[in-house]
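One chain, chain A, links the two complexes that follow: it is found with chain B in the first and with chain C in the second.
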Partner chain A sequence: MLQITNLVSAIGRVEILKGLSLHVKAQEIVTLIGANGSGKSTILNTIAGLVPVRAGAILFEAKSIAKLAPDKIVREGISLVPEGRQLFSPLSVLDNLILGSYHRYGKLSKADWDEQLSMVYELFPVLKDRERQLAGTLSGGEQQMLAIARSLMSEPKLILLDEPSMGLAPRIVEEIFETIDELRRRNLTVLLVEQNARLALDIADRGYVVETGQIVMEGDCADLKRNTEIERVYLGKTYEHIWD
Partner chain B sequence: MDIIFWEQIPQFLVTGISIGCIYGMVAIGFNIIYNATGIINFAQGEFVMLGGMVMVSLTAAGIPLMLGFILAISIVACIGGLFERIAIYPMKDAGVLTLIIITIGGSIVLKGIAMFIWGKESHTLPHFSGEQPLSFLGAKLLPQHLWILGIMLTTVLLLTLFFRYTIVGKAMRACSANRTAAKLVGIDVRKMVFLSFVLSAAIGAIAGVIITPIAFIDYDRGFLLALKGFSAAVLGGLGNSAGAVLAGFIIGIMESMGAGLISSAYKDAIALIVLLVILFVRPYGILGNKEAMKHQAF
Partner chain C sequence: MPIMDTRHETMSRDELRQLQLERLQAILNRVMRNVDFYQKWFRDANILPQDFRSLDDLSLLPLINRQTLVENHPYGMFAVPLRDVVRLHPSQTGVGETVVIGHTKNDIYVWTNLKARGFAAAGITESDMVLVYLDYTLFPGAVVAHYGAEQLGACVTPLYNTPIAEQIQIMMNYRTTVLICTPNRAIHVVRYLHEKGIDPKKLFLRKVILVGESWSPKIRLQIKESLMVDVYGNFGVTEICIPGIASECEEVNGLHINEDHFLPEIVDPNTGDVLPFGERGELVITTLTKEAFPLIRYRTGAFTHLTANLCPCGRTFVRMANVAFRTDDILEVDGVEFIPTEIKNILSRIEDVTTGFRLVIHREGSRDRLEVEVEITPEIFQDKLGALEALRERIEEAIYERIRLKPIIKMVEPRRLEDHERVVDLRNQEHE
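Moving on to the complex of A and B:
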């Protein structure tokens, strides 16, 4: 579905991604794990078109999207839920959702649009209760839910999630990850960037380990979890059971 | 002396409110572009001047009032759009300050062109519906004063409905709330910037057309209008349109009271004094948000 080869991208003069390749198959959940500043978020931002591509290719359903602007990439069926939510805070929850469907707002029939909205409300019932409230007044967890909901309103084929657990209480994080699992059941494809490697590896099918703008390891999550290096660096286990 | 003094107050009020309408509309023009781009468009006053001037030419050509009004607004709106495409659009990664200076340059160019076309003399327009004054608390109230107030309020109402209930209006608000997110949901931010210039120019033109019958217009009029409109925009809280209307009235009334009761020589200074005081004391404006101001780029 998504095929990235030898991707190089830079923010200003600093090269962040240094020839990185990865792929995501349809209906897969793929996660990127890595330390702060390794370039995980930049990968998502580059796919979404926020960071320009210097070299390499990004193919989405066999079509090159490397040169497209962000507002065109959404139309191809890729939606990014950015780090830190990035809601339209002074607008109501409902307006945020309406704007989520902006690129097909005129083309969609009222019935189809209502169906889309009720699907999103079914996933996040709390948003229906807060429909008229300003997005900026929601709690952190609700804001994250709204960010995901807004992205779903664009009816994406591939959803890019950037740090959905950031700054949230463990109970809320659990709730958010249950929703991601639910997205899998709805045949969506997810590329997930997550600081919390254990959670990410639990939910995803495959994973990539990113270090200084390059992929250093890849594999099924089950294998990655057993890898001693990953255990030591990202899962924070002690050495004892390995030595035993 | 005292009796004359009190009798004049309603008259000053009438004048102040109608000129205040114009300042308010100029301020709204500033706000729309500011919200979409973060820049202050100093050519805003020129849009007002052009609105009046184009209407003068259309009226001279014998075009009826209603049609002329619509034509004048459309022509100036096109000029606003053209201005954005020529001067703002090509500057892809320019900073806010660069763009502001470009708008100052643009205003000088527009002023020069207007001088070539309409000359240096003042022009005026016939009143919309007669010059027979009505009496209002002892003040002479011209029908044109009512037109100005009515058209301004209608414009504000339509704008509010546009921003609140249409998808394009919501998209424009989304751009000012969060540009990155606006791009991510598929909004073409540059198109919204273009639209904001068209809209601001149209509102400027409306102000120009309705004020010209009671205040002469010449090629050089835009600058002072922009300055006073800017004072109103800052007083009301930059980006806040309800504040802009209120502040327009305050400045208009202060100006006409000041001119009548103190000296007309200080008329133009009053708006500037208000601007300075507000920048020192309450830079986020009377209706502005202190918190929001902290997050702004400059």
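Moving on to the complex of A and C:
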């Protein structure tokens, strides 16, 4: 579904991604793990068109999207849930959701739109309860749910999820990850960037390890979890833990 | 036959190329970070891992061979700290030429699965009774064949250093359906049954998997017809993954290379240049997923060619032709396995002997006879008979000490063996 080859992108004069290749197949959950500043979020932002591509190719369903503007990329079926949610805090939950489908404004029949909304509410019942509440007044977990829900309103084929667990209590994180699992059941494809490598490797099918803008390992999550280096660096196990 | 790992074994060539590129870039990044040898290598070639934008760019890098590994022995080529290594396999061709190959948990897991894949391709199932007759200490492939068959759910019996009569008895008693062994051992079985007039149908054998050494189509036919079994070949090299690099499927039209883990190239053995696809040359392998002991552009010493046309079995991996001869072939003489290079190393430590030698293996009745022809220096040739006799004994003892096999030593004048093949196996010709 998504095929990236030799991607180079830079923020200002600093080259962040140094010729990196990865792919995501339809209905797969693929995770990127790596330390802070390794370039994981830049990968998502580059796919979404927020960071310009300097070299390399990004093919989405065999069509090049490397030079497209972000709004065109959304129209192709890719939706980004940015790090830190980036909600419209002074607007209501419903307005946030409406804005998620903005590019289809006027093109979508009322019935279709209602159906989309009820699908999203079914996934996140709490949002229906808080439909009129201002987004800024939601709890952290609810905000994250709203951010995911907003991205779903564009009816994407591929969701780019950036750090969905950030700043959330463990119980809420679990809830969020359950919804990611639910997305899989709804035949959506997810590219997930997550600090919590353990959770990410548990939920995803495959993973890539990113170090300083390069990929140093690719594999099924089960294989990556068996790698002692990953255990040490990203799963926070000490030697005693590994040996216990 | 069911394909064990359909996701990989039948993936489209485009998808495979993408996966290979990703894994190649990842492994180049890893070796660049973790292995001094490769760091220097990249620096000398004045390139960076990110310069590899396609699989063809691999030819920018020089080739490495067994000598590279010997020079960096023991841990110079390891890409992970030793504490992550869970198994070491020494690969010895004599003193001073030792190489040690390390494996992480994942390496072992992948290796075992690749072997299981190969066995499944040969039609082995969980209802099979498998007998592995291989030297578990000398030959790393023995352990892998063992675990690979277990992974499939088959019932495995390990066996080695057992008289042939006992082996046959065990195979009858246990109702062995699959025999995994060297071609020579399989021939041994054929011959024994023939001599004792045992009907091969009394065995329950349905498949023989040949590993460890190369074999000719004639030998395959002989085993197939005499034992009334299907015979399948495997390929691997000790330094990478023996015998898990490639295996034959039930179509028997070449060995499918596990391309999701190994990137094959065929090069001109003299110039090292990559040859056009389909041409015959030396097989060069780049490991794509190895953690502990990744090898980039490793010369295997095997001569073969590749075929890409689609196999009726549905696997999309390219196939390599059966390897007719390899430099690191294991020889089995009277149940004892050794590598010809071992003899070379023994000889190199004996005075008055030049490097030229030839191994001739005969069959006498039910026993094999190893004859070692050795070139000796002109000086000693002109010497007294006593000196010659003493030298002959020295050589004999040195060889016996190392491989536990009493050879017959023939001494010949210098340069006599120059244009001859290293190993002449007359056992099968003499049998017919």
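As a convention for this text, the second predicted complex is superposed on the first by the 239 of 244 C-alpha atoms of A that agree within 3 Å, B and C clash if a C-alpha of one lies under 4 Å from a C-alpha of the other, contacts with A are read in each partner's own complex, and residues count from 1 in each chain.
Quick note on the criterion: a contact is a pair of C-beta atoms (placed from the backbone, for glycine too) under 8 Å apart; a residue touches a chain by one contact, two chains touch by 3 or more.
Here the structure is a predicted model, which is why all the values come from computation and not from measurement.
A.B. asks: For the three-chain model obtained by superposing on chain A, do chain B and chain C clash or fit?
C.D. replies: After superposition on chain A, which the two structures share, chain B sits beside chain C with no clash.
A.B. asks: Which partner does A:Asn6 contact after superposing on A: first (chain B), second (chain C), both, neither?
C.D. replies: A:Asn6 sits against chain C, while chain B stays out of touch.
A.B. asks: Check whether A:Leu22 is in contact with chain B, with chain C, with both or with neither, and answer first, second, both or neither.
C.D. replies: Second partner only, chain C.
A.B. asks: Which partner does A:Glu218 contact after superposing on A: first (chain B), second (chain C), both, neither?
C.D. replies: second
A.B. asks: Treating the CA centre of chain A as the corner point, state the angle out to chain B and chain C, nearest 10°.
C.D. replies: Result: 150 degrees, to the nearest ten.
A.B. asks: Between chain B (first) and chain C (second), which does A:Gly100 come into contact with in this model arrangement: first, second, both, or neither?
C.D. replies: Touch partner of A:Gly100: chain B, not chain C.
A.B. asks: Taking the superposition as given, tell me the minimum C-alpha spacing from chain B to chain C, whole angstrom.
C.D. replies: Here the least C-alpha separation of chain B and chain C stands at 28 Å.
A.B. asks: Quick one: in the complex, what on chain B touches chain A?
C.D. replies: Residues in contact with chain A: 167, 170-171, 173-174, 177-178, 180-189.
A.B. asks: Looking at the complex, which residues from chain C come into contact with chain A?
C.D. replies: 15, 18-19, 21-23, 25-26, 29-30, 33, 49-53, 80, 83-84, 104-106, 109-110, 289, 291
A.B. asks: Contact residues on chain A for chain B in the complex?
C.D. replies: Residues in contact with chain B: 48-50, 69-71, 74-75, 79-80, 82, 86-91, 95, 98-100, 102-103, 105-106, 150-151, 154.
A.B. asks: Give every residue of chain A touching chain C within the complex, in rising order.
C.D. replies: 3, 5-6, 18-23, 25, 208-209, 211, 214-219, 223, 226-229, 239
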